[in-house]
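Heads up, there are several structures right after this.
In the two assemblies presented below, chain A is common to both, partnered first by chain B and then by chain C.
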Partner chain A sequence: MRLFEFESRQIVKDAGIPVTNYGYALSAEEARSAAAEIGGPVVIKSQVLTGGRMKAGGVKFADTPEEAAAHAAEILELEIGGHMPRGVLVDPKAEVEQEYYAGIVWDGTRKQPMMLFSDMGGIDIEEVAEQHPDHVGRGHFSNLLPFSDFQAKQVIAQTGVTGSELNRATPILAALARLFQTCDMTLAEINPLARLSDGRFVALDAHMDLEDEARPRQKALMAQLGIPAEEQREAHEATPFETAVTAIDSADHRGVIQGKDAGFHGNIGLVIGAGGGSLTLTDAVRSQGGKPANYSEIGGNPSVAKACGLAKAVLEKDGVEKIAVMMSIVSNTRVDIVARGVIKACLELGKDPGETIAIFRIPGAWEEEGFKILDHYGVEYCDRSVSMHEAARRAVEKVQGAAA
Partner chain B sequence: MSILINEDTTFIVQGITGREAVNLTRECLDYGSKIVGGVTPGRKGREVHGVPVFDTIDQLIDHNGGAVPDGSVVTVPPGFTKDAVFEAIESGIGLIVIVTERIPRRDVAQMVELANLRGARIIGPNCLGLVVPGVAKMGGIGGPARNTEQAYQPGQVGVMSRSGGMTTEISSTLTAAGLGVSTAVSIGGDAIIGSTYAELMPLFEADEQTEAIVIYTEPGGRMEAQLAEWVAANDSRLPIVAFMAGRFMDDEEMKGMSFGHAGTIVEGKEDTASEKILRLEAAGIPVVERIDEIPDAVKAKL
Partner chain C sequence: MPGIFIDVEVAADARSDATLAAKLEEVCPVDIFAATESGVEIVEQNLDECVLCRLCLDAAPPGAVRVIKLYDGTEL
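Moving on, here comes the complex of A and B:
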């Protein structure tokens, strides 16, 4: 779950890392008083969960509280990358001597968190790593042994930073490493970490991702940040299809169904599974020239009602006349139950299953029973001797034949 | 031969009284696996398909006259998995298959770190386990014994897959083509897993039965890059064929989304399907576009 800058800054501040005396405002009026309290030039920053806000006009400088209010009013109405901002940050304009980068990420190969530090902050760290590898320090740390500050010091020293800068930056990177662990982050970045003209270090921006799987045990942090337990932060707002499928899934504990359709604009309804099978089948349909109307996943032996619910949700999408019901070989999910579910969906919508189901390819447990039911309704099906790609080809052919 | 398990391997099931664990126990016993006990705290004295249940692994080992089981299948809720795995490792168990999904990365990293300290190996999490066709299986892979037999026949190809279901689909395709499978491992769909492709390669390398490797891969992570590096650094006798799913995730509109498994989240430039395909092919690993192309691609390399 991606956190807003104002939330990330709060976490950084609570971890004892110095920040500027910024204010958070939900209206132009609040921005004005925040700027007045700061009493000098300020930066107004849009709070959106997407990159590129500078380019999009979501960051503006103001010399007076009036200017701050005017900019805030504009930015609060400015959509960036499909997202409306959730307030603005009013930040004192800092006298920056130098910008640094401090970040913690997971390294899946080493299976440990990794610290990254650079004396070239303010820009994309991947770019710095590529063009100036000697300006990036790296170091892994244990999840079992206690973290010690020298580990952060080693990473910073790799970049050639020394003197009082080294001694001031070390506790900041160490605190970031510790909060990465205690808060279950998948990413924790301070960029830029600024050295001011008086030698102090402050975090001027922070970016954090909290692991979704850890949300159940990070309730205290969520409450402290005021994030409701049910709040989802996907890359986009849930579509009506996605909301419908989620509701069907949570109404019944048996099995799991998921559905996504943001970014899918085609006419072939996909009732597919499971995890890897769905990825493979979505590719297969596209490689045969088909245009999926959605993505879905069936798994863990869902009930008839659940399979029916998913098929109905897909069939109710605009422009979807036919569905392809396909999975990789199943061992846990019962073929006959999915068959019953998708046929039921067709019948309840007044559609002929034989016409509506372009292909049924789910081999595995209880397939004989499933095939009997499909036979009865004249649905074309196949077993494992027909590959996933061949099944996808047949489905695409039928749908495009019907459209032509 | 095989890797990781053979006909003599003994294992336990932690969380054995759960619904899925009961099924899995039944399927493994039917397939011929040697399950020597189960653990669910507070359920001591019960039996699951004739397998005695204990509160602790210590009790289980005592009951078996001090014999430490070779492995454990862990299928307990995500909040309890780390403790269960620590118990298995500290009891001296050497092979731990973690079925549970949705475990936070920090816990997985801790389990892996302790396993490394103690010389234990972890497969998973978020996996279906492994199977040596005709010999034994450890985990729900392949489903009921009858279905497992149908999809997995003994043969010469080692299979490693980030998707449990696709392990069976690919193995079934290899079986139908007459190639068969030496050992198939569902390695898990998470961003951090106990054993990656490259980490299992030396085992397959040492296994006489295995003559080729097939991997199923997805976007997200550096596991494929790690394999490519391993191949470049080691003069392996084993040809590898890869299948990459989730190519559609490279579309601009799919940015920032994850599909299928938690591990498919793209966090860096190297994580995309197209970037991985380039990397694998540069290492001499052909990446096929269709599952049904796998047998011919393997035969071409034998």
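Moving on, here comes the complex of A and C:
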């Protein structure tokens, strides 16, 4: 769950990390008042859950409260990446000597949080890591053992920062690491972390992602930030595919389907699932050189109509000619029911199931019945004796062969 | 629209049996049978949802209901 900048700044402030004396405004008039209170040049920043604010005109500088109000009025009406702003942040324009980056990310491979620090802040940390790797310090830390500020100090020192700068930056990175843990974050970053002309460090911007599953544990934080339980936060507006799949799922209580396609541009449609298997299967397709057109989840014994609906939604996506129907593990989802659903989808779209379904690998209940159906329609299938990666390889080979 | 995978037939002499119609409507978990004034009606749009549970066969007199798997031509 992504948090707005004004919420992240509040969390950072509450954690004892110095921030500028900013204001949050929901109208041009409130922005004027906030700018007047700050009493100097300010930056007006759109509060949207997407990047690219500066390029889109969502960040503007103002020298007077009147100018701040005018900019705020414009920004509050400005849609950025399909998002309308929640409000604007009115931030004093700081006299910055140097910009740094401080961040904590979840390292899924190590299963540990990782601190990142750079003396080249204000720009994308991935870009710094690629072009100036010696300017990025890294260090994992345990979620089980007590955290020591010294661990943060070691990370910062890797970038060559020394002396009073090191001493001033250390408690900030350490506080960020602690709030990452206590607030169940998957991302907590301050960029830029600015060193002002008087030597003080302040957070000029902050971005945070909270683990979705942790919301019930973070009720106090949600209440403090004024986020109601029913409010869902997505990094992007639902695509037509995602909206369609959600509608199919909610129309029928039997089984569960999900579909995501934001950021997917491939040509192999995926109808996949089982026990968290969708991620593994997506990776399996990618590891075989395949380009998924979507991510999906299907399970819990869906109806034929629901399986059919998902398969149709996938097949109707631009560029998709074939689908791979796979589950990772033996489950109670009936093989014959899913087989009927995906074959029906092909037939209803006027496609030959034998040509359209690149592979069918669902191990589980009613396999034999499912295989009879697949045999009848000439669909290639395999059972649990064929690995997920081998099934993915066969699917990718067919899709690439068809495209060649 | 008839089923692609499953067909269900009710014998002609059983179709107007109101008691049987009510029983079939009650037992089928995927609503393939509807009890109407004229007796049993097949809800065609639900035919492919048949989970092959045999509850309709158990509820009806022998031979009154047939569940046919169109993909292999066999019957339950």
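Going forward, the second predicted complex is superposed on the first by the 241 of 404 C-alpha atoms of A that agree within 3 Å, B and C clash if a C-alpha of one lies under 4 Å from a C-alpha of the other, contacts with A are read in each partner's own complex, and residues count from 1 in each chain.
Methods note: a residue touches a chain if its C-beta (ideal position, glycine included) is under 8 Å from a C-beta of that chain, and two chains touch if they have at least 3 such contacts.
Keep in mind the model is a prediction, meaning the values are calculated, not measured.
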Practice problem: Name the contact category of A:67: first (chain B only), second (chain C only), both, or neither. | Solution: neither
Exercise. State whether chain B or chain C is in contact with more residues of chain A in the superposed arrangement.
Key: B
Exercise. Once the structures are superposed on A, label A:340 by its partner contacts, choosing first (chain B), second (chain C), both or neither.
Key: second
Quiz item: Can A:373 be said to touch chain B (first), chain C (second), both, or neither?
Solution: second
Quiz item: Can A:91 be said to touch chain B (first), chain C (second), both, or neither?
Solution: neither
Quiz item: In the superposed arrangement, does A:205 touch chain B (first), chain C (second), both or neither?
Solution: neither
Practice problem: Applying the touch criterion given at the start, work out whether A:305 contacts chain B, chain C, both or neither, answering first, second, both or neither. | Solution: second
Quiz item: chain B touches which residues of chain A in the complex?
Solution: 105-106, 108-109, 111-113, 126, 142-144, 181, 184, 186-187, 211, 213-214, 216-217, 234-236, 260, 262-263, 273-280, 282-284, 286-287, 295, 297, 327-332, 364-365, 384-385, 387-390
Quiz item: Inside the complex, what are the residues of chain A that reach chain C?
Solution: 303-305, 334, 336-337, 340, 343-344, 347, 369, 372-373, 376-377
Exercise. Please give the residue numbers of chain C that touch chain A in the complex, ascending.
Key: 4-5, 30, 48-49, 51-52, 69, 71-72
Quiz item: Which of the residues in chain B come into contact with chain A in the complex?
Solution: 23, 78-79, 102-106, 108-110, 112-114, 117, 140-144, 147-148, 151, 161-166, 168-169, 172-173, 176, 189, 191-192, 196, 216, 218, 221-223, 226, 243, 245-249, 251, 253-257, 259-262, 264, 267-269, 289-292
